Amino acid sequence: MTGKVWFSFIYLGGLTVLALLVPFFNFDPTQIDESLIGRPQAPSFAHWFGTDELGRDILLRSIYGSRISLMVGFVSVGISICIGVIVGVLSGFIGGRVDFLVMRVLDTLMALPTLFLILIIQVMLEPSIFNVMVVIGVTSWMGVARLVRAEVLSMKERVFVTACRARGIVERKILFKHIVPHTLNPIIVAAMLGMGGAILIESVLSFLGLGVQPPHASWGNMLENSLGYLRDAPWMALIPGVLITLTVLSLNFLGDGLWLLLDPKARERDVIHT
Amino acid sequence: MLHVLYKRFLVVVPMLLGVTLISFFIMKAAPGDPVSMYMDPSVSLEDMQQIRENLGFDLPVYKQYVLWLKELCLGNLGYSYVTGKPVFQAIVERLPATLLLSISSLVVILLITFPLGLICGYKKDTLVDDSITVFSFLGLSIPSFWLGLMFILLFSLTLDLFPTSGFMDPLLYDASIFQKAMNIGYHMFLPLLTIVVGGIAGLTRYNRFGVIKILAQDYIVAARARGISEFRLLFKHALKNIMLPIITILGLDLPSLIGGSYIIEYIFSWPGMGQLGVQAVFQRDYPILMATILFSSFLIIIGNMIADICYAYVDPRISRGKERV
Amino acid sequence: MLSIRNLDVEFHSDQSRVHAVKGISYELSEGQTLGIVGESGSGKSVSSLSILKLLPSTARVSGEVFWKGTDLIKETEAAMRLVRGAQIGYIFQNPLSALNPVFTVANQMVETICLHSDATKEEALEEAIELLDKVKIENPRKRIHDYPHQFSLGMCQRIMIAMTLSMKPDLLIADEPTASLDVTTQKEILELMDSLKEEYQMSMILISHDLGVVAERCDEVAVMYLGEIVEMGTPKDIFGSPKEAYTKILIDAIPKIRF
C-alpha cells in the first residue's frame, strides 16, 4: 500500500511543481514550427515527447495541459463538495420530510447519465474552461451529499451530540462545532476520487471539442488532434492518454490510501462510493 | 415478491416524472426557436406567431409541460432539427444496438468480476490480490475513450484483427442469421472489451470487499466447522451472498456504465443511441439530445428496478417477509 | 480423548497484537462434560475454535491439541475436514448468524448429511426431518423448507443442534449455546442438550459465562480469566472452596432465583 501512496505523492508532486513553474520560463506551447506542419516528429532529444501536427512540442503542451487538468480537478471538486456538504448536512440534520424529499430528488438526479448531461449543458453554454469546471462541479455533488448525510445521521445518534443537547447548546452550534468536522474524513477521500473523475470528464469534453479550445493545450484536445494521425504518429495519442491515466491513478491510490489511514476499520466496511 | 414490486413502483413513478421534467427544461432552455427552425424565411412574423399559438407556445410553462408529457406518452417527441425525422423513431431505431452492447457488456463484466473478486477476497493481501487490485485501479483510471483508441490502434491498425467500426458488413445483407450474428459479434468485440475493462475494475474492488466481509461471517465459519470444503464454501455459501452487494452496486453504477458506453459507441461508430446522441451534440440537434437523455434515464430506472427485483429474488429475507414463529 | 497442552493464541495485525489465550492445558476423557466459564473476552471461544483450526489467518496458534492420539495443530486442512463435524461438532453462540441466510434449512441440512454419509438427497431429507422432529420443531416436514430468518432464535439453535447431531460427533463443543436466548428458551435448550448427550453418548465442552449453567451438568469446570485458566476442578470443589478471588466473583454473579 505504501508503495502506491509514495508513487502517487511523487508523481502528483512533480506534476504540480512543473505545472506551477512552467509559466515562469520563456516557453510558448502554441508556437508553431512552420517547417514541420503536417509532419509530426517522433520523440527525440530535441523534442522528448515528439511534436504534433503543427510542429508544436508535445512535452511543453503536456505540461500546459496538466495545468488545465489539475485546475479542473481542484475547482470542480471544490464546487461539488461545497454543494454536497451543504445539501447533505442540512438534509441529514433537519431530517423528516425535508430529508425524504431531498433523497428522492437525489435519486432522480443520480438516474441521469452524468456524462451525457454534462455534454448537453456544455453544448448550450460557451465552450470554455470556466464553464467546464462549473458544470462538472454542479452535476457531480450527489455522491458527496449522500455520504455526508449518512455520516451526519450516524453522528446525530452518538452520545456526544445528545450530551451537547443536554448541556443546552443550541442546535446550530452542535451542527458546526461537533457534527460537520466529523464528516471531514470521508469528504477528503471522496475529494481525491472526485478529482480523478473530474479530470476524466474534462478530457472527454475537450476531446469532443466542448472543453478547452485551441490553441490552448489540454490533454483532451491533444487527443482530439491525434485522431487524424493515429497510424502515423501514435505518440500523439499515447502520451496524453498515459498522462491522464497516471494522474487519475495517483489520485485514486491516494484516496484509497488515505481512506485506510483515516479509518482503519474501513477494511471491514463498505467501500466509499462517489 | 409483489409487495417488493409495489414498493418499487411508488419510488419509480416520481423518478420518471422528475426525469421528464428535467428533459423538458433542457428543451426549454435550449437556444434557438423550434418554430423558426423549420420555417421558410419568407413566412411572416405574424404567421409565425400564429403557429406558435397553435403549438401552445404562449401557454404558461406548466401547461406546456403537461401538453408535452401527453405527446410523449403518445410517442411524439418532436422532430430532429437536422434530418426532420421524428425523434421517437430515430431513437427506437437505435435502441437495439445500444441494448445489445450494454447487456452483453454487463453479462461479460459479471462473468469476469465474480471469480476475480472471489480470488482477491479469499487470497487477500497476497501477490495475486495485490496485482489484481493494481489492475483494477488502472482500469478505473484509464479514460475509456482513449482506451478505445488504443485498442483500435493495436488490434485494428497494427494487428488487423478486428474492424475499427460499424455494426455489420453491409455485404452480408442476405446471409444466414448465424453468419450475421457472428459478424455482429466480431464488430462488437472491441467496443465490448473497452467497456468491460472499465466496468470490471470498479466492481472487482467492491466484490473483493464483499468477499472479505462475507468470509468472516459466522455462517461461513459454522459451515467450515461442519467439514464443508473450501470450494463449496466459496462457490456455494459465499457466492450467493456476495451477489447481493454486487446487484446493488451494479444498479448504482448503471448511469456511469451507460453514459460511458455512449462515448465508446461514438468512437467505434456503433449505431446505437449513444452515437446518435454524441453526433447530435456536434449538430446542436436539441430534440435528439433531449430524447437521448430521456431514454437513457428510462433505461437506467428500468435497470435499477430489475436490480431490485433480482435482489429480492436472491435474498429470501426480502422476498419472504419476516413470518417468524 | 482430548488433551490440550500449552495452547497459546495470539492475533497479529498491522497495528496491534492481542494475546488471547496464554498457554492453557486441560484434558477431557470419553463421555465427560467439561465446563469452561469466564467473562466475555476471556478467550473461551478462541481457545475452542483453535481446536478445530477455525480461527482467521491473523491468529498464531501454538501448543498441542491431541485428539484420539494425533496432534490437530499439525494436521493439514484436508485432514481437518474429516475431523470437523464428523468427530467434533461445534455449536455457536448466535444461531441466526450461524445459519446461511440465503439457503433453506433443508438445503443446509441435506448438504451436511450428504457430506458425511452416502445417503441420497431424499434419504438425507428424511433424516433431516426426523432430526428436526427430535429437537422439537413443530411440523418439520413443512418448516424444513423455510429460511433461517423465518424461525425464532430458539428454534434456530434447535436447528443448529439438529444439524450438528446429524454428523454424529464424538465431542460436542457448545459455545454459549444459550447466551442469546431468553430465560425460558435457555432452559429448554439446555434440557434438550442434556437428553441428546445421553442418547448420543457424546463428550461435551460446554462454554458459558454463567457458572450456574455449567455447575449443574459438568464433571469438571475450568475458570478462564484474561486468556488463562485460573482455576480448575469439580463443580463441588469450585463452589465449596473457590481458591481464586475471580471465581468468587463469578459465584456471586449467579442469579439467586432460578427457574
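As written, the chains take the letters A, B and C, and residue 1 is the first residue of each chain.
Simple rule for what comes next: a contact is a pair of C-beta atoms (placed from the backbone, for glycine too) under 8 Å apart; a residue touches a chain by one contact, two chains touch by 3 or more.
What you are looking at is a predicted structure, and each value in this text was computed from that prediction instead of being measured.
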Seminar exercise, completed: Closest to the centroid of all CA atoms, by its own CA mean, is chain B
Problem set entry | Pair of chains ranked first by number of touching C-beta pairs | A-B
Exercise. From the centre of chain C, which chain's CA centre is farthest?
Worked result: A
Seminar exercise, completed: Cα centre of chain A to Cα centre of chain C, whole Å, reads 53
Exercise. Chain A to chain B: how many Å between their CA centres?
Worked result: 22
Problem set entry | Whole-Å separation of chain centres (CA-atom averages), chain B against chain C | 49
Seminar exercise, completed: Residues of chain A that touch at least two other chains are none
Exercise. Using the touch rule from the top of the page, what residues of chain B touch 2 or more other chains?
Worked result: 216
Exercise. In the complex formed with chain B, which residues of chain C make contact?
Worked result: 49, 52, 54, 56, 77, 81-86, 89-90, 92, 94, 97-104, 108, 111-112, 115-116, 143, 146-147, 149-152, 155, 160, 163-164, 167
Seminar exercise, completed: Counting only contacts in the complex, chain B reaches chain A at residues 11, 14-15, 18-19, 22, 26, 29-31, 134, 137-138, 140-143, 145-147, 149-150, 152-153, 157, 205-206, 209, 212-213, 216, 245, 249, 252, 255-256, 258-260, 262-263, 274, 277-278, 281-282, 284, 289-290, 292-293, 296-297, 300-301, 304
For this session: Spell out the residues on chain A that touch chain B in their complex, using ranges where they run on.
Result: 4, 104-105, 107-108, 110-117, 119-120, 123-124, 196, 200, 203-204, 207-210, 223, 226-227, 230-231, 234, 237-238, 240-241, 244-246, 248-249, 252-253, 256, 267-268, 270-271, 273
Exercise. Where on chain B is chain C touching in the complex?
Worked result: 216-219, 221-230, 232, 236-237, 240-241, 244, 314-317, 320, 322-325
